[in-house]
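Please find one structure pasted underneath; my questions will follow.
Lettered A, B, C and D in written order, each chain numbered from 1.
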């Protein structure tokens, strides 16, 4: 992680205010009850997300001040997520049972901690402190995306299928046809080395040899994925990884998460909506992305292939600004949709880069300990804050996860 | 079920208003979030309890009126509990995920249905209608007890161990020593035949032959149960039923539910409190009650033994009036605590009386279909509305259930 | 348990030889591998059955002799079933993993123990010793039935569907039409008091009041049960106990265990055979028996009703002599098939009789500790040794068990 | 896969006879019952291993002959492992329930198929046929290792802890001290391109850039691993991957599989034996290998690092010849134990090499479909046939697997 300079501290205060405010804005339309529920062990209640990100600042920023007294010492146990170094924690699957503290109390907690952090930011701070505050804001933004994906899952579990928000559909327009764009070949460098923040898992920058390959110019669309389904994709074991086929059978998968049985509509943040055939397909597991690619005579890109292509592109796309927008059809020449719309599954298992070092202390638990059993996704989604993504950013989820805004871009050997 | 006469209709309206109001009063101190959570599949959220009892009146009373339009047709699926005859239902373990409708909307629903039922009660109604309204109110009272036991479990699942209500402890006083009172012997009659309401499972009244026996004059106390624990009761397999011992090992039981590790305090509706050694032990499974009795050289009473003794006693004790009170030490001569304080496990498996007939239609699903795998409890508890209990009342739970206010009275062969 | 007199000791030796020999005869056609496998936790391997019954004599008969040295001290742990008083035991679900000792070694063990017991029986023995040997032989006979039911299940788990033995089908003949025979009414006595052996759970003899009722003259047939299936019995929740319906859905039950999808053939000890429409339906759970009775407008008998009718009948029927015979159509006037063919589910939960006392010591674990969660069956089956059954005999299984030879006789209120 | 030339056919016949005979030799000391049992879903019975490898030749070699009639058409379903392309199969966890066909019948089956294959090998065969026979023999050798690891697990499940074979312990000698040997740096080539057989997953040969690093000169020893345990390694969450720590807690791991509680002895193929402190530690999961490396201030090697070092070494070590030998202390200069003793966990997730192509047809299911959720191991073990291993060989198991002969070699960044 490179760090903000001391001079940036004033703008850090503004950035802090804006990012923290965004979390509140994203949950403004939700009731205390909506913010309470946890629809599966992997998801967290909205209220818990708001409290945990606040605890992060309290634990890693405020607690460094020698005279700081915790807002409520009993809450440490409740809102620690997985930092074993700083003590035991409430079991993740039971976060939805914490009716106390109430949402109102959590909002008070946020205000208290915000004020205390702003007091610190108002004075001269050293580089380390600045970098931890920055990390806390990046962390907050990750939870903004989770807040959206978790509430989508929670509302989906309600037979009434209520919407997170009203939203007008983007008029469906034809997307550009799929074609393949040659990628870099030979020795490339990947990983973070530029100015600005990056997580520890994006470093060190290192060399990778790339074989000849090409990337699809855009993400796979709903119509293309529907063709896979109509062709019997979910019934043909030879298209699937062994573990994927076992999952299809155990979970009775027949279509992406949130798709309706009719295969032309799906549950979204705006309620049940007709699927735009030209928009990127969303809410696929790695197993489905991989099976689709095999069916299509292609494969998934590696993360190095993806990054070496993405690094030259402007970091722009259907990312989160004030409110999430549904995926949209791709337009234009060259590689499209590399950022935003849907996270793109890569064929790379999530692991450490050569020479990887975790952050010192408890923050070393941030990324490194999850380096088994997960696959890397790249590029951000409609729920990723627009200033949170970068070419080297590595997201990771287990291969059966589907509740994030996940899709697929194809690749080919050349 | 015998039914109220038509003349009673005016007082039925008053009774309706009072019982329905009690549900609201019992949940008045709970937040929307408290009323949302479901801490285990066997429990229901408070909000759901309020909605389901309302649905019961809508389904079985209002829907009999030919021009009635449902308050919200989509809610039928949500708030039907287990009446297969009237349609499919939301899966019980997922009741806690229904953030919508909100508590405020459920309270509106209650008012709407209350007004509609009162309109009916304001006119002449026939005996059948009166009897269904009465059944609905008995049902409501059952859910008042469940509301208390379910919220106790829900709050217990929170590491903060918040209290349902503040409450002053009754000063601990010595309880009367345990002794055994001879019961009726030979042919007795049990089951309902008196005036007034009873559930279908309390009928028909029938003859049972009782062997010589005696009942303890009071419930087993916390101190007596602690002696069982200190004597290694939870480590000695020969004291337990085979299925009970398997449960002890699987669940790692070492003390009653809600007891703290120190064996002198427990979580209660009033938060963590010191156990009164003289008060009835509470939150025991059938397996624990049975093992304790074996350890004590006694046995559990049969439900016929219990009823034949209870029928002569006034229906009074530590039952629910405005707010629940903790179990209290027994005082006085003769059989004490037969009503109230804690439900008493009997050795009788829950089954049908000879000649049992279920109610016609969907209401036939009320009791009969649960006649397997459960044991009968008698006498009501501190959470049973004072006018809801009677000598013939049969409560029933699986033998590993502990979250109700359940205790134990001993019996002996003579 | 009443006991054999000392004078009977000579014939006890003969009886011992005959019963022990029957176990060997029943397994003679099975390979070491057939005798090894355990197809579900509730079943045991044939080899284990042979070893455990031998251990029973070693533990409860031979070990009483002060100078007895165990055949192999390490085997005590392996072949103790559930007698916690005499030490820990190998976990039941893992019995099928004991490839050592081999079948040949177990047969040696049997011969060794047989010789040692015969040495004892050759001398004067006291009444207590005689009664324990008798208990051991009754126990052996129970395991002969289990050996047949367990191997049937084990062979069924093999896609090749191999037969336990060849056997000629009894020619199908029409059964007598079903009609109902009035039972005893008023005060009756049930339970064991006669000469001869009985298990502890059959005592004490005691009074029961019977309401007016009638029993069907014969068991329900395959044709009658098929009519229930064709009428949608497995799809109609209101016919089922709540727990039964949950089981139907979870287990996807659509027909009795071992019935083929065609509903006209079934897997049997003789391989896949055409079902005799007139023979008793077999391999039903309690839940299915209960649902069938409800569909038929009848109910299951209580065990007291069953016993009070059975006590007057000769103990004869399709019971096990040399080799098991398939169930047969009922012929003749009056109550038929009360003994043999299939065990008959009663509506009585398995519990203790008034004044019940377990046997002293470890043998007290024989029956009493299973008195929860099980239902009583009466009358024996085609796999019950002909001299093992009696009117007071109480068999018991959980309500979802189906792998025993279990069927149903209807009853009615009068 | 490169293939044997036609001229090699005679020696292929000899090779076939030798490899097929080895399977029989390895199981010679086991009874029919030992060969029957399956101690966990991941393991297979010995009998099944013998039958499945035979089926492989029948399916992929004999069935290519137009007039071949299957030995027993019903067995196809039983002995197909996971080749979805050629039909459905018996569920893996139930392989231990197949008492029929018997071991004797399976041995007959082997002889029949062996004769038929030898008939083919006696004539001129084309290159494709030769390559499939070769694949079948490589497959057979993989199952020879599995036969040993599966029977070790099966015998371990028996409280009697019987030995697979008697065997004299190698006298314990001090191992060479651990030091680190610099590896290749920069661009290297890995993957198969040499003469001779290789599996599809070892190709294509491709370039990889290696950062500066070093490999330990030998495997971690029992004494070194015991020091990790004594230092609290199994109680310190920060040493573990998140998924690893969850496994430690769920499975209550406290030491390697097969180690006794005393930490100085372990169950082996020769029964319970004292651990040689200087020999490689064995039966570790990836999670344990990774945690140990972190504790030791090192890391696991990548598979490319391992291979680039191993390619220069002679393929020799403690591999399987006639009978398995326990791991031994390392002696000598430079990299030791790269082949044999224990498989070495790498930090590389099992995936496809750039440009990977599966074999055509059903054989394409051999390796590729397992490329998710598993980690690569390198170098072979004491149970790997000596002529089965090579520098490019990629073994793979889930990160929690421990029943193979798995150990750990450390690596370091330089």
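Everything below uses one rule, namely that a contact is a pair of C-beta atoms (placed from the backbone, for glycine too) under 8 Å apart; a residue touches a chain by one contact, two chains touch by 3 or more.
Bear in mind the structure is a predicted one, so any value in this text is a computation, not a measurement.
Visitor: Would you mind checking the shortest number of contact hops between subunit B and subunit D?
Guide: 2
Visitor: Would you identify the chain whose Cα-based centre sits farthest away from the centre of subunit D?
Guide: B
Visitor: Need the CA-centroid distance for the pair subunit A / subunit B, whole Å please.
Guide: The mean C-alpha positions of subunit A and subunit B differ by 47 Å.
Visitor: Using mean CA coordinates as chain centres, what's the gap between subunit A and subunit D in Å?
Guide: 37
Visitor: Taking each chain's centre as the mean of its CA atoms, how far is subunit A from subunit C in angstrom?
Guide: Distance between chain centres, rounded to whole Å: 59 Å.
Visitor: Of all the residues in subunit B, which ones touch at least 2 other chains?
Guide: Touching at least two other chains: none.
Visitor: For each chain, which other chains does it touch, given as pairs?
Guide: A-B, A-D, B-C, C-D
Visitor: For subunit A, which residues are in contact with subunit B within the complex?
Guide: These residues of subunit A touch subunit B: 31-34, 36-37, 39, 47, 74, 77-78, 90, 94, 96-103, 154-155, 157-160, 162.
Visitor: If you look only at subunit C, which of its residues touch subunit B in the complex?
Guide: 82, 84-85, 187, 206-211, 213, 237-238, 240-245, 286-287, 290, 347-349, 351-352, 354-355, 364-365, 369-373, 375, 399, 413
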